[in-house]
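Scroll down for the structure; my scribbles are underneath it.
The chains carry the letters A, B, C, D and E, assigned in the order they are written, with residues numbered from 1 in each.
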Amino acid sequence: MADPVLTVRDLHLAFRKGRQRTEVLHGISLHVNAGEKVALVGESGSGKSVTAQLALARLQQEKGTEAEGLIEVLGHDATRSPARIAAMRGHRVTMIFQDPTSALNPVFRIGEIFEQVLRAGGQRLRAQEARRRAEAALAEVQIPDPARALDSYPFQLSGGMNQRVMIAMALANGPELLLADEPGTALDVTVQAQTLRLMDDLVTSRGTAVLFISHNLSVVREFADRVYVIYRGRIVEHGRTEQLFSDPRHPYTKALLAAAPRLLGGGLPDLPQGAEAFADPLLVHDGCAEPGEVTA
Amino acid sequence: MSSKTSSVALTEFRSNPLSIIGLVLVALCVGLAVFADLVAPYPAHVGPIGDFMAINQAPSAAHWFGTDTIGRDVLTRILYGFRLSLVMAAMVLAISMPIGVALGLMAGYLGGWVEFAIMRLTDVFLAIPPLVLAMAIMGFLPATLTNAMLAVTAMWWPWYTRLVYNVVRSEAREGYVLAAEVIGASPLHVMTREILPNCAPAILTKLTLDVGFVVLMVSSLSFLGLGVQPPTPDLGSMVADGAKYMPDAWWLSIFPALAIMVLVLGFNLLGDGLREAFDAEV
Amino acid sequence: QERVLRLDESAVGEIDPAKGTDYADTVLAVNLYEPLVYPAQGEAGVQPWLASDWTIDGLTYEFTLRDGASFASGNPVTAGDVVWSFERLMAMGQGPASLFEGRVEGVEAVDDSTVRFTLTEPFAPFLSALVQLSVIDSTLAQEHLGEGPYGENGGYASDWISANSAGSGAYIIAEHDPQIETVLVPNPNYDGDPVDPAAPEQVTYRYSLEASTVRALMSRGEHDVTSQWLPPEVLKALNEEGGVHLETEPGGTGEYIMLNTRRAPLDDVNCRRALSLAYDYGTTLHLLTVTEGVAQGIPMSGPMPQGFYGSDPERRAPTQDMQAAQEALAECQYDPAEYPLDIAWIAEVPARERIALLMQATFSQLGFQVNVTRTPWALITQQVTDPETAPHAIEIAISARTPDPDSLAYNMFSSTLPPTWISSTYLADEEVDRLLEEGRSETDPEARAAIYDALSDRLRDLAPGIWAYEANPVYALRNGVSLPNLEQDDRRFAISGYGMLFKDAQIDG
Amino acid sequence: MSPILRLLIHRLALSLLVLAGVSILIFFVARVVPGDPARIALGPNAGAEAVEALREERHLNDPLIVQYGWFLRDLAGGDLGTSLYTRRPVLQDIAAYLPATLELVFIAGLMMVLVGLPLGRLAARHQRRGPDHLARFLSVLAVCTPAFVWGVILQLLLAYVWPIFPLEGRLSTGVAPPPDITGLYTVDALLTGQFGTMLNALYHLILPATALALSGIGQSARLTRSSMIETYRKPYIEMARAYGFKEGRIARRYAFRPALIPTLTVLGLDFAAMLANAFLVERVFVWPGLSRYGVEVILRKDLDAIVGVVLVIAAMFLITNLVVDLIVSIINPRLRLAEKRGK
Amino acid sequence: MTEGPLLQARGLGKTFVVGDHRVQALKDVDLEVASGECHAVVGESGSGKSTLANIVLGIYPASAGEMLFDGAPLGQTRPRAMRRRIQLVQQNPLSSLNIRRRIGASIRLPLDVHGIGARSERPARVEALLEEVGLEPEMARRTPASLSGGQRQRVAIARALAAEPDLIVLDEPTSALDVLVQARVLALLDRLRRERGLTYIFITHDLAVVRALADRISVFVGGEKVETGTTEAIFTAPQAAFTRQLIGAVPVASEEEARMRDVIRETGHTPG
């Protein structure tokens, strides 16, 4: 088995505001191996985004956050040496956002933003060279006229185009780990489907590891190798994608699958039953142990 | 849109030390103004009657802030000055705010020629710096307290119109306005019951900030000799009149100037705190 | 290094002598222009100036111009210039024109150096009034007539003379901005009264400086002569700091509290008397005191300032007497509680605020409710034209404009003149009117003195005003600068402004 | 037509409309209020005929609407009338006094931008920490103190107690003004190579400009701060951080530029406020600018001059806003490129 | 109610003028919505779905065409009684409720505006409505901020019901919600329609949702209606290429479904 590029072990996170303390992660563990595509699925507010932010060492230094447990990114501890992680952002670890258009600064041209991205981590690069690489990267995500796209402002491109630009930026520096937080949920279904497939092709061909965050199980089915289901700050089920979809075991996972409307008809989706059972302990499918743990 | 609810805003407000300082200063000034009669050492010195044998005396135990050019206690006059400033600000805002808000609501919500007429009129008023407009008006009217207030009021409403207009324009796109319209609620209901409450934080914040700015404006008018008449204890005219005796009788204008600063500072910090807490655009 | 004299004045300067009225205008006029006669020094009357000599024959006054007199332009001063200047003054109808209004039948140039005025009736103050007739270089002015309502004279060079000088005075205009400052430099063609060898080579007359600015400039040595309007405390502070000396310029200016005799309750003489008796003369002078022995005011015993007919040096100045005031008020038909008094004070003169507040304090002891309003001068001149809207009381300084009591008393108290700030008591009293007319037409000095004494008594009875004090302008001069006309008693002029002849100033280096 | 040009033309047209409104407003306010300007102009000794003649000459006896007609006709010919007070064409007066005010306001405006924006940026970057509290307190203090108080305090401390700066005026005595090209002494001196004069003029500008600028500095710092904080919450800042952009670069460029858009718009208004505050500061520093003239003509009910001064100030305000609009539309590509939108 | 369609639109068009651009948001659209049916309107973003909804609701006028409601012409200006009969549920449950008013006040608004029920019994009605959408009556006193997305959407539904409408326009009512919550809200909508005999115009871009709920479907592309038919017909034999593309993009949870979906996308027919 390849080395994990991201290891999270028994991670707790709480936010403190005044005297009030809210714990949002209650000890989650997960890992992503090099070149592996892993999905983290759960309902809104279950703690998906904060996990990604912790992995990028973006939350640790903020006032009122209390994180405990291990987060290791490419061999560095994100809790103890956040600066190390910060230095890797943009080239060894990158991220794709939910709404590509609002994630691109509206008053800068795509080219200017791209140049910055290429210089992430203090890489020296001449403007011409940056431009050439940016064009190549855009061509790879099938943007018809890369030169023109670079001279455009984000609002001049469609959401789908911006999403491709985001993907190109994320992959431009050959990262080892990509965090995709509900990529393209803000877009049209058709566009979202197209860009997801594009991203899938690219990361697969480069062997980039991906942590894919979504609230919709169906979306990740075609994409992920393994799936973690998170419910209210706890991982409730973990397994390889085919295992999970063919044999969901945890009541919450079952409910999620049942609640999705079916394309083939059959009336309204089933209403989730027995919500108390959602708090059942973690179910791990065969061969899906966390590194250093024994498979259940 | 101010998306924060009151309780969140309150927590936010409490956690900001500057806001608390502002609140304390405002409470202090208002308290002194209300209880001036009890606190002031020489209540008789509010009017024209001073001690002509004790003029221009430097600060001492008897007169903490010194005496003025006709022997009145400067501290006493500052305390009553607070009262006057606050009363004036309250009156000016009590008249100009509702007018401005009503016009802003109509312009923002009704649109069309109503919007055009109101907003162009507002532009006209906004194109003349308030002080200049107030001065121009004061130049034509006899300089009395009432006229000074009228002049300031006449140029103050457009700021509310514009503020409310902008808020309404963004609020009017919100779903809840659409919902009320679809239900069939009257424009009056939509404006006053649906949109107005959502402008409230912005208006409240601006009101708080404006107390300070009205005080500044009136003092500036007084400084130019266009404002409040003696012997009314007005902070601005005290600064202006005292400036003639600088630097020898420095207490004549420095203390009233500090008083203005404290008063305006208090309201500004408070207003800033509210703005941050409510996330209101002002 | 140039000898520069830097002064300031609170008002703004008008350099057209046919328009100017106030102190600053007078100072500019006497330095830029010359009248036929000039007030005498150290005594009453007039002295030769542009006219070297004159004869009076009944209604005819004939003046001979000084030999070789010439304007700054080099043009000689001729009788034609005098005629033109007089006609211009009367046509424009502003400034000093009222002094001559209806009095002069005709003026003609007998020859180049002789000019003859013919009066309509006997008018004793005529000669004195001529100190206000500045003679303008008509040859030069006619090149700049401009457009206007004066027929062939167009605009009478009104615009041009408001921006340029065309006189024969010791100085000429180098720069003039009515808002900011006027810069004067010596007139190279000046041939009049001798110029002091230490006289300034440049005079900067600045307008509307703040008191604190003047005070700071003085103590930094960047200013030479303060205006007379500084508050006493500021003068005192300057004096204590050293480096300056204080000089005074008494001369024909009364500080009157004008009482509006047309508005209730002051249309009742008893109410006016009550106010006169209640007025706090002592505190007024106390407030005006700069240092031991120097005050901005001196006691005034009646309507006429010292040195003028009708003033009585023996008489004691009035003092506050509340008892008598209450008694007078009891005689008054009005109940003070029902008649609030409006008192205005001139915004431009901060020191007057204290006097106004002092009145407010004292009159309210009589039971009046007193409102005090700070009013800009421009607005006051407006308000006083209508007795109905004019305030009940304003403190106004009135200066004799010529060295003759008539210029003061007639303008103030004659009921024949339209209401202006000078006549803002609106007194209409037959006896007063009769005495005023007699005083004008009587030419015998003794008889005139008696007439003005009677007038003073009558006015004291009627109390149309409170004779608060006589102005005694105090100037702070930088050490090293001296204005002998203010410093030596035998060089003083009877009326104010005329002593500010810059040619007589002395500046050491 | 380029969108910017179109925007400018649109704004210009609106500005002219507003200016027309201003002229009506001020014209009628000036005339409706009681008081006879002719009487005031001619002084107390003038005869009734002289006053009447002047009233007639100035059309003061005509109905208001007719008077406004006269006013418009003159305005069309570039004539703002004649001041009753200085007896010069109002335009000439304004041309004489405006440059001094402009110079003061420009320098103050420069200070406002050069000090206020970085201060606000600093505060935003350290939100709710030491530098932020300090910067906020200072800027609130600056805003809360009337310009005339700053003037008096600065003058007292830096020109009197420690005589570092000149007390008043535009140039030291003995320094000749530079040839009149723009009327701005610093610029004219620079253009003609008189560096000594330029430094002297700058030296005189420092105190009054600071007094004038302080509240603007505070205001712009506050605005920048809140706008930056708003921007910091935007997803694209999140993105910049996730991509390892340097924090300093984000503050100076990436967050600053978008934050500038709302800030600048409001700063245009603040600049206008400076024009008004100049009325106060000029008085303290004996600055020979438009404001003194303004106060004087207002006190004297010098109708034409009042209308002229207010119109010029309103015009300057509108021009400022036009310039701000232009800058904003350069920064904000959405405005500039609006045409190509919605592909 | 008369026989025939409840809502009938002919040649509906809408052009927006933005600056000097003209945006054709709706082009020559015919639409018939039968009484009691759930008519789905699907299409990509910007295809004019909301524009159609807004015209039906009378928020702005159509630039072309005409509408009949219950046999009577329906323009933009309409009497209050007519407004009552057509109600709206919006996509974003947070912004559709006024955060400064209590839930109860929001639901009560239609009762007050249309004078439904006596004044005194309105609070009881509000409680009944809350219960009907599955919320605790005590929620009337809470503010929207303290509610979850699903709960807010229920409140919005209750408010629409309060007006006792015939037709409810649902503009993407569940796309902001989680799958589980969405399932609950869909069930609620379905139950209400049956119980109250309501007619729905259901706007969405999620075809899977449509399949579960709708009787008939109209597909919009670029402001034009490209296809209309019963749900069954659209899913088994979609005519327009775009409809197929839309079906092909739906994420599915099982192998079997995926296979079916891909076949539809390629051939336009349901296999078997």
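Rule of thumb we're sticking to: a contact is a pair of C-beta atoms (placed from the backbone, for glycine too) under 8 Å apart; a residue touches a chain by one contact, two chains touch by 3 or more.
Keep in mind that this is a model prediction, so the values were computed, not measured.
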item	value
If a chain touches subunit D and subunit E alike, it appears here	A, B
Chain pair showing more contacts of the two, A-B and B-D	B-D
Subunit A and subunit D, separation of their C-alpha mean positions in angstrom	52
Subunit A and subunit E: spacing of chain centres that average the CA atoms, whole Å	32
Gap in Å, rounded to a whole number, between the CA centres of subunit D and subunit C	40
Rounded Å distance, subunit B centre to subunit E centre (Cα mean)	49
Sequence positions of subunit D contacting 2 or more other chains	35, 128, 152, 160, 283-284, 299, 301
Subunit E, residues touching no fewer than two other chains	none
Shared-contact residues (touching 2 or more other chains) in subunit C	210, 212, 216, 376, 379
Subunit A-facing residues of subunit B, complex	11, 15
Interfacial residue positions of subunit A with respect to subunit B in the complex	17-18
Partner subunit A, residues of subunit D touching it in the complex	128, 234-236, 238-245, 249, 254, 257-258, 261, 331-334, 337, 340-341, 343
Partner subunit C, residues of subunit B touching it in the complex	47-50, 52-53, 55-56, 69-70, 142-144, 225, 229-231, 241, 243-249
Subunit D contact footprint on subunit C (complex, rising order)	4, 6, 12, 19, 21, 92-98, 101, 149, 158-159, 162-163, 177-180, 204, 206, 208-210, 212-213, 216-217, 219-220, 222, 376-379, 381-382, 384-385, 418, 420-422
